[in-house]
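Here's a structure for you.
Each chain carries a letter (A, B, C and D) given by its place in the written order, and its residues are counted from 1.
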Amino acid sequence: MGDRIKLGMVGGGKDAFIGAVHRIAARIDGEYELVAGALSSTPEKARESGEALGLAPSRIYGDFREMAIRENRIKDGIDAVAIVTPNHMHYPVAREFLRRGIHVICDKPLTATLPDARKLAKVAAESDALFVLTHNYTGYPMVRQAREMVANGELGAIRVVQVEYPQDWLTEAVEQTGTNKQSEWRTDPARSGAGGSTGDIGTHAFNLANFVSGLELEALAADLQSFVPGRRVDDNGHILLRYRGGARGMLWCSQVAPGNENALRLRVYGEKGGLEWAQEDPNYLWFTPFGEPKRLLTRAGAGARDVAGRVSRTPGGHPEGYLEGFANIYAEAARAIRAKMAGEACPAEVVFPTVEDGLAGVAFVDACVRSSARNAAWVKLA
Amino acid sequence: MGDRIKLGMVGGGKDAFIGAVHRIAARIDGEYELVAGALSSTPEKARESGEALGLAPSRIYGDFREMAIRENRIKDGIDAVAIVTPNHMHYPVAREFLRRGIHVICDKPLTATLPDARKLAKVAAESDALFVLTHNYTGYPMVRQAREMVANGELGAIRVVQVEYPQDWLTEAVEQTGTNKQSEWRTDPARSGAGGSTGDIGTHAFNLANFVSGLELEALAADLQSFVPGRRVDDNGHILLRYRGGARGMLWCSQVAPGNENALRLRVYGEKGGLEWAQEDPNYLWFTPFGEPKRLLTRAGAGARDVAGRVSRTPGGHPEGYLEGFANIYAEAARAIRAKMAGEACPAEVVFPTVEDGLAGVAFVDACVRSSARNAAWVKLA
Amino acid sequence: MGDRIKLGMVGGGKDAFIGAVHRIAARIDGEYELVAGALSSTPEKARESGEALGLAPSRIYGDFREMAIRENRIKDGIDAVAIVTPNHMHYPVAREFLRRGIHVICDKPLTATLPDARKLAKVAAESDALFVLTHNYTGYPMVRQAREMVANGELGAIRVVQVEYPQDWLTEAVEQTGTNKQSEWRTDPARSGAGGSTGDIGTHAFNLANFVSGLELEALAADLQSFVPGRRVDDNGHILLRYRGGARGMLWCSQVAPGNENALRLRVYGEKGGLEWAQEDPNYLWFTPFGEPKRLLTRAGAGARDVAGRVSRTPGGHPEGYLEGFANIYAEAARAIRAKMAGEACPAEVVFPTVEDGLAGVAFVDACVRSSARNAAWVKLA
Amino acid sequence: MGDRIKLGMVGGGKDAFIGAVHRIAARIDGEYELVAGALSSTPEKARESGEALGLAPSRIYGDFREMAIRENRIKDGIDAVAIVTPNHMHYPVAREFLRRGIHVICDKPLTATLPDARKLAKVAAESDALFVLTHNYTGYPMVRQAREMVANGELGAIRVVQVEYPQDWLTEAVEQTGTNKQSEWRTDPARSGAGGSTGDIGTHAFNLANFVSGLELEALAADLQSFVPGRRVDDNGHILLRYRGGARGMLWCSQVAPGNENALRLRVYGEKGGLEWAQEDPNYLWFTPFGEPKRLLTRAGAGARDVAGRVSRTPGGHPEGYLEGFANIYAEAARAIRAKMAGEACPAEVVFPTVEDGLAGVAFVDACVRSSARNAAWVKLA
């Protein structure tokens, strides 16, 4: 395993959901050590959060720029930084670290706006440091296997992609109660971006569909709604998809669908077979070769491929979950970072979401908003 | 039970799928007796089929007009006729019987074309006889219950309707092999109508969504495809839905989705709760009151309502299926026919799909085809 | 189809559950016509029930002996009789009809006592008439297929059989409330037999396991309980099974397991593979060839065999249920009766539960009761 | 979080399954730091394994006694040791560490033999150090919740416990191929103990049933088999259970059931309701209050209790799995160890399997073997 990668974190202080997830993901394989943080934009909270995590006082920062500057200068400064702030801060934070050659592992969506996304893509391209976007659902072993099966032609040419991501946590106007921080920034266009459900979860669905199908979206027609009175962003989106090459699809994202906790689900159909996968039961992949019985492929069990086994930690029947899938993004990043540190090429098998994937995601949100404003007209991804 | 209703049948000779289904549906509750038939447009086949069903020779017809005329004249002629021909014959056949006061139980979709549908609606309106359309999925007990729960306001105002009906039996060009009669007429616009999957199964999905949600569709945007080379009708349709009052929805129908046999599935989400139902597991209805655990409501079990029990024949855990749901349409028709015969009002609880529902279905197909021809523009139902 | 088989019924008057099931099962395929009945031991109820079913007054009997005698004498008397009384009446009723050459279709268990079962087996053996026992679960298409797959050696030598049949309807002392007829006779040893859950549902589980596995039970060890205070028969049974040839198994039956409606479930494991089937989802059969992914075999879909298709009425994805499975017993009986009438051998493919199966079932209950009385000692089937 | 607990490990070198699991479990919450190890009884392998894990050379031991002695002496020696050797080594290894006041986290079953188990229980009782047994399935949040619901009386008095743990990985004689280390020691009585499937997985099932039901087993009757020719331990066990107070149960464990990966499943039924939980889908708990619909309680979702939330890391719909459940044992151990270090009482809410639980498990295996040798006679737990 060798020395651990020294990791910093921006955002993710107390009460944050995704910061804690990133920290666990970084710990699972023992590849990282969290040594520095600017965990909150509120200095007092930054300090308390840093102490609670056992950071040395000198490595607790109240400001991410200060952190980038100092960590870049000191001996044993961080190798990489995890960015887990609200979306609008991804770009300014990432820029500071990328410019100083510090690798960035950034939560999705890439940015709150398309111009920011383009600028960040440019900065990342110019940097020698890596940029990894945590579209964590691509880390699930059976998602990896689904992708390989499509790429191998086991489904034949893809015709139809059905992807959906319903949740129910915004069924009521919880962001107006003053008690739910998560909902506040995620429904605030200034911090989250112009897309609500489209940005928060639609981007995941879009990314997952691309990742598995290997298709590239050409145009979409989106009908977005804000069902909850007073909500400033969409909380439900119905989107028609046209992929290059002729495949078609539908994407549904919703945060107002009671009975759905986090029900991301992908179905891909080709000339020769179909695949189904559901995030809430991630160890299973259903595969039907046309004309044959449906098969239940299980992670690391009968029917699993090396590509799934490579990112599994337990045998079949010992379920892995969200955190292991997330950890796979960190593990892949670690492999890439170590190769970089060693001056070697990254192994071909290493796969993680890139800044280009993130740019595509923000362009997807932008296209959804533009299409919906034009009565669900077809628009191309910018 | 009293005397059985004397039933005739047009179509449904050897090799037909749906004719046999209608006959079983008519038998299950012992309400009907099949006594006459014009079971095929091919005289020899009509005769053989009639004999195989044990019809008296004098009641086996080679021509539906002759049957209508004679059955209307003879003592103990049929009370009702089941029409199970290809779609384009529904109108001419129904007309002959309705005009003579013979009740009609007709397979869906109502007709192959919108003009025919309008004409049939007019004929039905002018007839004293009943017209019943076998949108059989509305006969399932838990579908009845779902409808009542929505009507009772248990879900609050409806926001989102997700309905889908994927199959896989047309994944390959089976209609071009000369071995599959079903696929031949169902992909022939002259016999089936301009819609392929939209007409054959999309109309079921559309009808089911309306039936349960109680909503009325205002406009749709449809992106239809014919994926299989040489296919003359759509085999996949992606459709955005806008209901009066602001609810939105998506409808997906496909006959090229490997791994799906007959996977009609409806999900309805309102301000206060959500419902999920799947045709392949029809004895279950999933209900989530927002903020509470999901509940599994079972047919005739705990959580079942009278409205479901009324159309159930067995206790919970003794699964009912497609034929019982279909039989419920026949049973409801029998109640309506008996009321008519007795000169009484039909009990308020009796529910069956009407000619108006059928007209709406054909208008739906027409709108899908028009919208798709205009690049998925929004169109209103004619 | 030819002329219908003329059917009589003993038992099955108002409020009875299983009589109505038998009548529907007899109607589904149009093979039978119900023309006579002694539907209740209470004359008034017998008359009312007969009239409600549209029987001719002359064919409504207050006494089953009278019915047997008269139907045997009259022209066009019944060909067969369905016996749907409480268990203790199966033998005396069946005897009267069998002796007169009238075929018998009898509900399970065969009798309430082992001596009665033996006598009935003798009477049946001496009669030229057929005796068919409605162990209806053997009528399900996927159960037929499971049996064939085992017989074909697709699982290799069978090692383990797990069968269970939990229900919850007797969780409370409903038989003591005076409002539930079903529970009264089913918990009354004089009418139901010495076994409660073992007799009512354990016999189904036992029969199903034998039917599919092809194994013969050598010995069992049973620990029976009557959990509900005041209950006179077992309401839960835990039973170890030893089959001839070395296979082992477990059988659990319970009527006090909340959350289980009618959850009969069978799992069979051999040297080369495993099968799983659940009555509440009867269109599915799960098959795992060892070392390969689990496959979902669907009734009349991909993976279905002729043996299942032969007793199916609808394509895959159009679910069949309890009534169709039950109807298959009636359909098989019809084939056997027609062969008998024609003086022909019954086709080899026709399969139905026999009096010997019924005798084995009563011997199973007797063994359970004996074993449990001896502290779950091993006992052989008498 | 404070300083990490310094952890050593005995066993768990290359090729071991469970050692890697323990290490991940120890890392997930950042409570432990692995600093020392005697990872193999083969010195070369011990060294290589230690280096691969990044241990300092001075902390890599070839012998566990040497490790116990030295770690006890040095400054900053380990606080706790994880024992992940084959079963027969648990006692001798644990003894060395417990005697020196080093906390022990030990894999299950407690020991290979009952005498060893008793000796270990005595050593643990006499030590000031903690002993934690990794019956990891008790760490799942919904298992914790199930236990609380039973304890709260939500099911009423418990009547029936059905627990099963089928696997299929020993369907063939893989231990005789020389290629599968796991199967070799797990089927070797000298290393694994007299029980095969009963010891390896039956103990988990037994423990889980006790944990959730709160019941104490009084007697059992076991019919054990070794189906695979040449196998020296049981590979399938059918066991009747009698609990103090009158509840009854069945336990089935098997390693020869094709189609089962790791299908531990528990069902508990009481006078007022029933619960069902399956290890392979661990985020779900099914609860049926008698007479009401079944409810799906999800981890950290609607219906989840504090007792589940306390050991959850992600919101509902973000599935946790085997490793998180395992990590909960480590997390609870950390809380107990920190309380011990601080001289404080362990918080009442902290729950982990103890040496007494382990002793009960070994007594269970011993009773199974004794009962089976006496033809499945009832035996009491020693």
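Methods note: contacts are C-beta pairs under 8 Å (C-beta built on N, C-alpha and C of every residue); 3 or more make two chains touch, one makes a residue touch a chain.
None of these values were measured; they are calculated from a predicted model.
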| item | value |
| --- | --- |
| Any chain in contact with chain C as well as chain D | A, B |
| Farthest chain relative to chain B (centres taken as mean CA coordinates) | D |
| Geometric centre distance via CA averages, chain C-chain B, whole Å | 34 |
| For chain A paired with chain C, centre-to-centre distance based on mean C-alpha positions, whole Å | 55 |
| Centroid spacing, where centroids are CA-atom means, of chain A and chain B in whole angstrom | 43 |
| Chain B residues counted as touching two or more neighbouring chains | 260, 287-288, 294, 298, 301 |
| Touching residues (chain side chain A, partner chain B) in the complex | 155, 159-160, 162, 164, 168, 171-172, 221, 223, 225, 227, 236, 238, 240, 242, 248-250, 252, 254, 256-260, 267, 269-274, 276, 286-290, 294, 375-376, 378 |
| Interfacial residue positions of chain A with respect to chain C in the complex | 287-288, 291-298, 301-303 |
| Touching residues (chain side chain A, partner chain D) in the complex | 1-3, 17, 20-21, 23-24, 27-30, 52-54, 167, 260-263, 279-283, 298, 301, 313-324 |
